[in-house]
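Structure in structure tokens, see below.
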Amino acid sequence: MAFFFEVLIGGLLAGVMYSLVAIGFVLIYKASGVFNFAQGAMVLFAALTFVSLLERGVPFWLSFLVTLATMIALALLIERAVLRPLVGRSPITLFMATLGLAYIIEGVAQALWGAQVHGLELAISDAPLALGGLLLSQFDLFAAATAAALVVLLSLLFNRTRIGLALRAVADDPRAAMSVGIRLPRVWAVVWAVAGFVGLVAGLLWGARLGVQFSLSLVVLKALPVLIIGGFTSISGAIVGGLIIGASEKLAEVYLGPLIGGGIENWFPYVLALLFLLVRPAGLFGERAIERV
Amino acid sequence: MLYREAGQFSVRYADDRRFFRLRQDRLGLAALVLFAFIGVPLLGNDYWFSAILIPFLLLSLAGLGLNLLTGYAGQLSLGSAAFMAVGAFAAYNFELRVAWLPLLASLLLGGLVAALVAVVFGLPSLRIKGFYLLVSTLAAQFFVPWTLTRFSWFSNDSASGVISAPPLLMAGYDFSSPAGRYLLTLAVVSALFWLGANLVRSELGRNWMAVRDMDTAAAVIGIPLLKTKLLAFAISGFYLGVAGSLWAFTYLGTVEPHGFDLNRSFQILFIIIIGGLGSILGNFLGAAFIVLFPVLLSNLAGLLPTGLIDAGQIENLQKMAFGTLIIIFLIKEPEGLARLWQRFRERTRRWPLRH
Amino acid sequence: MSNSPLLELEGISLSFKGVKAISDIGFSVAEGEICALIGPNGAGKSSLLNVINGVYRAQQGRIRFAGQQRRVMHPHAAARGGIARTFQNIALFKGMSVLDNVLTGRNLKRRSSWLEQALRIGRAPGEDDRQRAAAERVIEFLRIQPWRDEIVGTLPYGLQKRVELARALAAEPRLLLLDEPMAGMNAEEKREMSRFIVEINREFGMTVVLIEHDIGVVMGISHHVVVLDYGRKIGDGSPEQVRRNPDVIAAYLGVRPAAASGLFPHRSATWHSFSKC
Amino acid sequence: MHEPLADNLPASLLARAHQRGADVALRHKRLGLWQARSWAQLLAEVQSLATGLREAGFAAGDSLLIVSRPRPEALLASLAAQWLGGVAALLDPLMPDAEQLTLLRELQAGFVFAEGQEEVERVLASGHVPALLFYADGRGLADSGLPNYARLAAQLPDPALPVQAQSERPAFSFHRLDADGQVQQHGLSHAEVLGEGRRLVEQERLTAAEEALASRNFATSGQARYLLAPWLLAGFRMNFPESLATRDTDRRELGPTLVLGTHDSYGRLYALAQQRLPLPGSLLRRWLDWALDARGGLLRNGLGQVLLRRPLRDVLGLSRTRVPLLVGEALPGEVQAFFAALGVAPRIWREAPRWQAVRSPRSSLAARSQSRVQPV
């Protein structure tokens, strides 16, 4: 039984990592209705920039700030060059544009910093920690704490600041928000910048775990089922979705894996998400729109 | 400009149903097809057949397969490569296990199996829309290669799931030479394009577009949504399956499941975005672009002094260029190269008048 | 006109997330008549049309169409039974040509399979001719021949409305539901459109249920008027009867406080035309 | 080729039907198709109509007033009236409404063919109810109780119905108001129409292979002389566009070899081209003007021909045009030059209507046994 709980909690903690990527999606989706496939590329880009600076001897905090600045600049650029010309186009078109964006960011990241794997040490021991009879990864606990801090930070940002208010207004009804003088492009730029920040945090954690390498951009594929389960518009949904995916993926790997063969974690989340979709098409926390005709 | 349209008028509805209403267009197409079947095999060399023409034709076919689903029926899919893989492995197994089956029949059966698999992954499309559907097609994209690798029966217990093409014998002829493989590919692709062009102009094609443009209204006028969408998945799957089996048989000779990964799906999606969503011609234009652009890029890089740009950088450059082009096309010409061509044609038909 | 009504609604109630849109509405439409649904914005007119052809499912009530009783209608069943409609906000297939849009309206008349059509064998070619000819007759009837091959999305609003009507007509329905067919049109276009509606009704004997705000037009062309307000029915009868109905006059005059608060700004404007006719 | 016997229009039709019965005589674009009818079919239809008209009381010397844009029904109704020895009185439906109403009121026609609801309403609005009023486009007229064209044309033809037209009797009459609001008319006899038509056929060497487009209204004598008569004499094909609004695209589809126009119709085409050509001052336009310039030179001829003149001619639907005719007033210099540069310089044919004031217009079309249109 303890083994089960270990697996479960391990999975839940791994799920937090998925949630971190998914939160970036939710932010952007809420504010601009874009399903941002480039989120993974942004994670890669942030991590790669950070680690390359670090390797060139730049101090940790300076690297962090420089990377953050880069991500903000990138967000502004994206808003200007991609989002603004595509205002009012169908969600599918916007999605495909972010596919293109993902290619560009990946290409630039690798052209700048090379394609080799970089190790990233965040000075957190990955040694298992015995807690109440269960062995848990310290790193995972740290990641969970970071995620929690991030969520608190974001909720402060959105509930206590003017830009947060504007964001919520835009998410609610873009046209009404515009009519009361909220400038959409600014909100978008801010949100993409925040998403860039979230991407940076996720990139550091993922990078520390897997090494900073190209496959980081593929975490986007893990985040998608998370979003489906949690709903595209809810940050708490992203967290819960991540936990569900993480836990069930681990449990399936451990208990189902031996039966049908290993390596099922690639597709299992999707099948799970699909089942969820058929039962609750709008996700756990998403709102289902009434179709007006 | 080249056209003399006056005097070409329809006296039967069948006149309007032809692919091209104008005689000059029909003659042009006939000349092109004739050239492709007779001129190219005489003029081309092995490099052109194997490295350019065959992949171009097959990517066009795969593009058409995805275009039917995404461009016409409006169902976004990132599982194209998975259906190609199903087609390839199914055709391989038919060829392997049912010895008396002719090659062409194996190809078609491969397509049919892919169609069935596509229907299964298309089933959720009735309840979910837009990028929610991505989940279903991505599930296919991850599940299929896993299955093909996991169960070695599919690859006849070969190491890491690699399969090799059977000898390309048909009616006593050996199509194994590059020119032969080209001709075989061309024949299948031409036939399927003819069928596809008919399809999109038929009732089913209109129903697809109706579902794409506004599915509520489509349901209200009596278009059966489930049947229409599932047929889109099935037919798209069939096209991709045949493209996949030819990919294995006439293009590469040996493939493994991971040859049909997500990047291949993206590639096919880019073909139809650049070529033109909802266009038959666009698939050729997009595929030509995807095939020729890297060749062009590496040739250009070859002109530069050696050592300035290494091979890895060319790949990065290519990625950036594709990404940029996708965005430019979506912004400036969402209907792709086909639309540019169409505009040019309209202009020449009115020339020298402006409108 | 036959004795039993073509369409009968009984005790229809519909709510969205607990907000009542329609409460307990019942009325009947006789075969061959033009029936107008009028009432202020938000009175539930469009919702009622949506219930009739199954776009919305009413929580309560019964629909009886052409002798068949149903709890709720399903869009596909409605189309098969002979109900066609147009939408308030034009639900055309914008990427397709006018001809193709009209042809989609005839999809239920198809008998040949998609494979026959794709291979152009069997029943398909002959049927293609017949379908096209039928679509062309509708196009001629509504005088949209000059735009036959244009992409619908590029046409002006008034023409799109006409194309949408053409698509509905192409289905050769028994009951035609028109949701504000003249919204946003100028006087000339309105006159033309109401003439089309009258001709459709007279020449094809098609029963029409329409929603329209222009009371002058409504009184001019309809045989039967149903008045809704706040999701309830407050008037039902011939144009003459409805005009004299005190409840209707009260609603349109805006005697109740809600009306005066400016929630329904077009009320006063409508009253003007209402009192004239 | 010309039958000496056919000294009137219906007889010419009869001759064509005997000579080339199965050939296409007329096309009308309807329901998206150019629907063809043969000479034999036309003959049968005219005979049916004539039978129907006679049953309605129409007899030799009566006039059938035709209020219609060009459409096959109007043409065939005219021939049917002439078959019975009557006159086709043509009213230009594009005349201002008030003018038409006055004419309708003054003419008091006994037999009227009106195109559709609008025209029927106009006829009835004039306050005069004809003995026979029939229409072609039944839209909105279903409960009017009036007979429609299709019903008359579906009549079983009386095969014994002879052609009663006489060479010297009027075939057409035209009406208008003069400046003082007085009714004017002029008539055209069968002999005159056929004579002019024959002259055209011979001079322009018209054959049965011509394609003509009847896009203008009939209500001009030029149209009768230089289009209807040659059509019946040479036996070529007359084509009717889908509607007035689509005549330019229809012309391009059809590519007529014989174009009959007036000062106005050529002018309109010229204006259309000018408006749609590249903007004045643009490089393209200067090149175009250079290519259209009449002065020769090998380059100008060759390059201009291939790249500009030929395509322009095709866009205007004139690339097959062999016989461009202009009836009436000459074209302004630049218009004439424009078409000449395209190789379709219109050739002028005289239209000399002898308009005469009608002293008692009420009697002119009213009914039989009253004074008739004078033979010209």
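First chain written, first letter: the chains are A, B, C and D, and each begins at residue 1.
Just so we're on the same page, contacts are C-beta pairs under 8 Å (C-beta built on N, C-alpha and C of every residue); 3 or more make two chains touch, one makes a residue touch a chain.
Keep in mind that what you see is a predicted model, and the values were worked out from it rather than measured.
Counting hops only between chains that touch, chain B reaches chain D in a minimum of 1. Note on connectivity: the fewest chain-to-chain touch steps from chain C to chain D number 1.
Annotation: 42 Å between the Cα-based centres of chain B and chain C.
The mean-CA centres of chain A and chain B are about 33 angstrom from one another, to the nearest whole unit. The geometric centre of chain A is 75 Å away from that of chain D, both derived from CA atoms. A straight line joining the Cα centres of chain A and chain C is 47 Å long.
Among the residues of chain A, those touching two or more other chains are numbered 293. Along chain C, residues 55, 87, 91, 132-133 each make contact with two or more other chains. Along chain D, residues 32 each make contact with two or more other chains. Here chain C touches chain D in the complex through residues 99, 132-133, 136-137, 139-141, 145-146, 148, 195, 199, 202-203, going by the rule given at the top. Across the complex, chain A is touched by residues 76, 124, 127-128, 130-132, 134-136, 138-139, 142-143, 146, 150-151, 216-217, 262, 266, 269, 273, 312-313, 316-320, 322-327, 330-331, 334 of chain B.
In the complex of the two chains, the chain D residues touching chain C come out as 30-32, 139-140, 142-143, 242-243, 245-246. Interface of chain A with chain B (complex): residues 35, 81-82, 85-86, 89, 91-93, 95-97, 99-108, 110-111, 114-115, 221, 224-225, 228, 260-261, 263-264, 266-267, 270-271, 273-274, 277-278, 281, 291, 293.
Those residues of chain C that touch chain B in the shared complex are 53, 55, 75-76, 78-80, 84-85, 87, 91-96, 100, 103-105, 107-108, 110, 114, 117-120, 124-125, 128-129, 131-133, 167-168, 171.
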